[in-house]
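Below: the structure, in structure tokens.
We just call them A, B, C and D in the order they show up, numbering each chain from 1.
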Amino acid sequence: MRDFEGEVIKNEHITKDFFIIEFRLQKPIYAIEPGQFVMVKIPDERVFLRRPFSIYDCNKNSLSIMYRIKGEGTHYLSKTPKGIKTQILGPLGKGFNINFEDHLKPVIIAGGIGIAGVHLLIKKIKKTPDIFYGCSDEKEVKLIEDLKAKHVYIATMDGSFGFKGDVISLFERHLKHYQSSICIYACGPEAMFKSLKEKIKPEIKCEVLLEERMACGMGLCFGCVKKTLDEKEPYKRVCKEGPVFDIWQISL
Amino acid sequence: MADLTVELFGKTLKNPVMNASGTMGYGVEMEPLWDIKNMGAYVTKGLSLKPHHGNPPPRIWEERHGMINSIGLHNIGIDAFFNNFMPFFEKKELPVIINFFGFSEEEYIECARQIKPHRLIVCLEANLSCPNIKAGGISFGKEPENVYRLVKKIKSVTEIPVIAKLTPEVKNISDIAMAAYDAGADGLTLINTIPGIYVDIDNKNIPIKGGLSGPFLKPIALKAIKECSERVPIPIIGVGGIMDWKDAVAFFMAGARAVQVGTATFVDPFTIPKIIENIGEFINSKGYSSIKDIIGVVNT
Amino acid sequence: MADLTVELFGKTLKNPVMNASGTMGYGVEMEPLWDIKNMGAYVTKGLSLKPHHGNPPPRIWEERHGMINSIGLHNIGIDAFFNNFMPFFEKKELPVIINFFGFSEEEYIECARQIKPHRLIVCLEANLSCPNIKAGGISFGKEPENVYRLVKKIKSVTEIPVIAKLTPEVKNISDIAMAAYDAGADGLTLINTIPGIYVDIDNKNIPIKGGLSGPFLKPIALKAIKECSERVPIPIIGVGGIMDWKDAVAFFMAGARAVQVGTATFVDPFTIPKIIENIGEFINSKGYSSIKDIIGVVNT
Amino acid sequence: MRDFEGEVIKNEHITKDFFIIEFRLQKPIYAIEPGQFVMVKIPDERVFLRRPFSIYDCNKNSLSIMYRIKGEGTHYLSKTPKGIKTQILGPLGKGFNINFEDHLKPVIIAGGIGIAGVHLLIKKIKKTPDIFYGCSDEKEVKLIEDLKAKHVYIATMDGSFGFKGDVISLFERHLKHYQSSICIYACGPEAMFKSLKEKIKPEIKCEVLLEERMACGMGLCFGCVKKTLDEKEPYKRVCKEGPVFDIWQISL
């Protein structure tokens, strides 16, 4: 973990309100686990706290983020021109555990901007995963353009591309073929996790990437907790004990 | 080099800059970035007799140039703190201030009693903003009489120096300071967060009720420090909205013997080491020999 | 068009947006920019029985995203106000709220007594943050008993509705609200500025001690409005840190029947007309028929 | 008075920490009295209140300000690039009274950045004035470069140009020749006014441009007062009753 100075070298509109921003880091960054994130100082004085974003992609000297405009912070981020420098704290948190047993087939499920959280995982995972991607419409399919080579099942809510409906319903159709020999990695809205948890058997390994409002991103403030089933210490810090959690250990 | 040491209850701190309680986890979390033994002292997260789970999320909300938190005093309890984390501070030889609270007088007192003196413990910092569950949730720190009684009882069960950390949501903070002093408090920490709420106009609800922190506290904290230092002859630790070394200098000049930095650490995790370095430079460049030369120097 | 009218003490205001006392001079100063008859009502600068010269400069200081003022209640007195400026409001048919104060109980009462009912006067707004010179300068608004006594006496000398404007520098603002209500107050204005000081580290002095205003007041004002509206069944006017229409909507949802805009006018003198226009659009776009539909709708 | 949108078309460094910024106004501005000022929204979110500046020069569609870096606001102003738009409220206040009696000779005295407050006056005054300009050194003489054609007496504190000493001492040397047939317009630090007031006889007409911290700039807040000798109403608003005051009516 380090507080990097990053210079914006690309801030590209992909589709709708989705963007990819890339920073050149003034120092090299090492050893990133897929699922880890960074806290980005939005280069606008109206924004006070930093904002958490998954590491979308990363080389030694550059780091990129895929983001969706949500509120003020991401709005100003989308207006940031090339050449601007800002602070990027990371890598933060505990990423996905990719040392799964050999006989398991990795299945990656992403909803909408959730793809940003598993993108590096898809790149780094040693065994070819099955990918399920759900989004609202055809346009958002653009977010996985660089994954075309891979095997991706696509669901759109409006049916404008692939399966019509949500990604968990699509995944459910394939579930019986897998039996229990899969391990799942998921990133998306909480409703998606809830529905996923209902569909799968407790034997199935499943890790999910959670989001919560954050102040520090590094375990200092205890502001970003989620409730787990751990009775002694139910609230875990998403930024420190997470953002990746075992789906069977969180209370959804 | 400028002399940044300050005395606090017979202990010499290498400099007068600390974290604010609850804004640096259990201390260990900062390890990857910088060595916290460079601070004057580490202030613990608010600790209680028993562990507390705290409030459900959301616990933080951004405000214009500040934030609201409602952590709800989530902590592992004093026993676990001493078992799990005290060795860390011992290894660093870093002085520790134990911030603690209770939801009843008994809890405060029992908590204070169970904390044994330790060469690294500078003092106990009693967080008097905590709601008194038995008294309908009004915080202990609001009435001089309550503060007097509570501080007196805490003092009677411990040999460790006790400082009272006061809430600004009172009529006149120097009356509260006076009561704490009369009851034997060895110092004061000024100020805690100011209660506020956020109204979400899209969802027509109040996602958070909590404590405001950040730069807007500064003029309020400075006023509290100035007024209390005029009435009460015990050391004051200043906290509230310090974002950089200039803010810290204002706190010293207003009368603080040490300062704590909270929210600023979230914005820039290196705020504290930067402040330490820069106040050193300030002291040098102005021809002072020691930080003590600027404490309380402000004219009125 | 959205219905923005609100009732206040039997009078219908064309919309619920006003200036905050002391932030729009005597009203006439805005003439070159926009017609203030577009506001729901004009709130006077704090007026007193006799003229007051106020404090020597500096009277204002910039703070991070806000300001400190120490105008010191400079005003021309009620007689001069009515003689010189009331005709201006009569020509505009603009409802007026008379903000007033005294440095003693007698001054408050005599001032209230001398203000004669007038078809344009909506109510008197008693600024209870004023220091009571006889009682060592502590402001009237800090103790429920003092508020009760003062409001009761004011009510006894005037037929004009009276609203109490409260200071947030209290232990529990809803206790004060309750006292005002019990004494017969017809409404509340929440909140006044929070006291703070500025420390000038270059000159080692305190150039200003005054009241903080600006956006950081918002969460504190919202909390006050929410809490008081739950305990006290009289109209509340919300003020403190409103910078735009979204802020205003949050105030309505928290329970304010009308809002006042102060400091924001200095940053952008068109803030008030913009808010009026934008809340109209908001009401329309959300399918409400009237501003009344959003007052106090927030869930807890 | 209007709240103009102004686009920065020039922001030029003159010397030391002095700059001239020029705005193109989106609407025409009329009827400016020399000595009037504007409240400029500094285009940086760290600055909260607007900042008051004398109107240095002005055409129908453009307005310029000469400023010195003093603190945060002017610092960020100096960093503002061309093309940025901001709000400019004005013209504000009461300017100099230039309808003096025919037999009087106008004398203009400026100290340092005070030249910004009388620049438009020098341009607009009907009778050629004598100008006294005082500053710290040779470099600051650059601030009056465009007045070279006029008759300017110059004083520098370090003696690097013209008279060595303060501008009032220089003016004093000339004072006896004028007898009482002058009217004075002055802009500069208060110490300069104080010393000026001691030197001249009460018969001499003298107007000075005062500065005070301002919040609104238009008479709303009563924050910008100066003490005058008016016993009934001693504190006058600099932004409304001023910024130009009769030196004999203010308490210095």
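Throughout what follows, a residue touches a chain if its C-beta (ideal position, glycine included) is under 8 Å from a C-beta of that chain, and two chains touch if they have at least 3 such contacts.
Computed from a predicted model, the values in this text were never measured in an experiment.
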### Message
As a quick test, compute the distance in whole Å between the mean CA positions of chain A and chain B.
### Response
36
### Task
Express in whole angstrom the distance between the two chain centres, defined as the mean CA positions of chain A and chain C.
48
### Summary
Within chain C, the set of residues that touch 2 or more other chains is 63-66, 214
### Task
Please set out, as single numbers or ranges, the residues of chain D touching at least two other chains.
46
### Message
If every chain is a node and each touching pair gets an edge, what shape is that graph: line, ring, star, complete or other?
### Response
ring
### Message
What's the complete list of touching chain pairs for this entry?
### Response
A-B, A-D, B-C, C-D
### Task
Flag every residue of chain A that touches chain B in the complex, lowest number first.
1-3, 41, 46-50, 87, 89, 212-216, 218-227, 232-235, 240
### Query
Where on chain B is chain C touching in the complex?
63-66, 68, 138, 142-143, 169-172, 194-199, 201, 204-206, 209, 212, 214-216, 218-220, 222-223, 226, 243, 246, 249-251, 253-254, 297-300
### Task
Over in the complex, which chain D residues touch chain A? Could you list them?
44-46
### Task
Note which residues of chain C are touching chain D in the complex, please.
22-25, 29-30, 32-33, 45, 51, 53-54, 56-67, 69, 71, 74, 76, 214, 263, 265-270
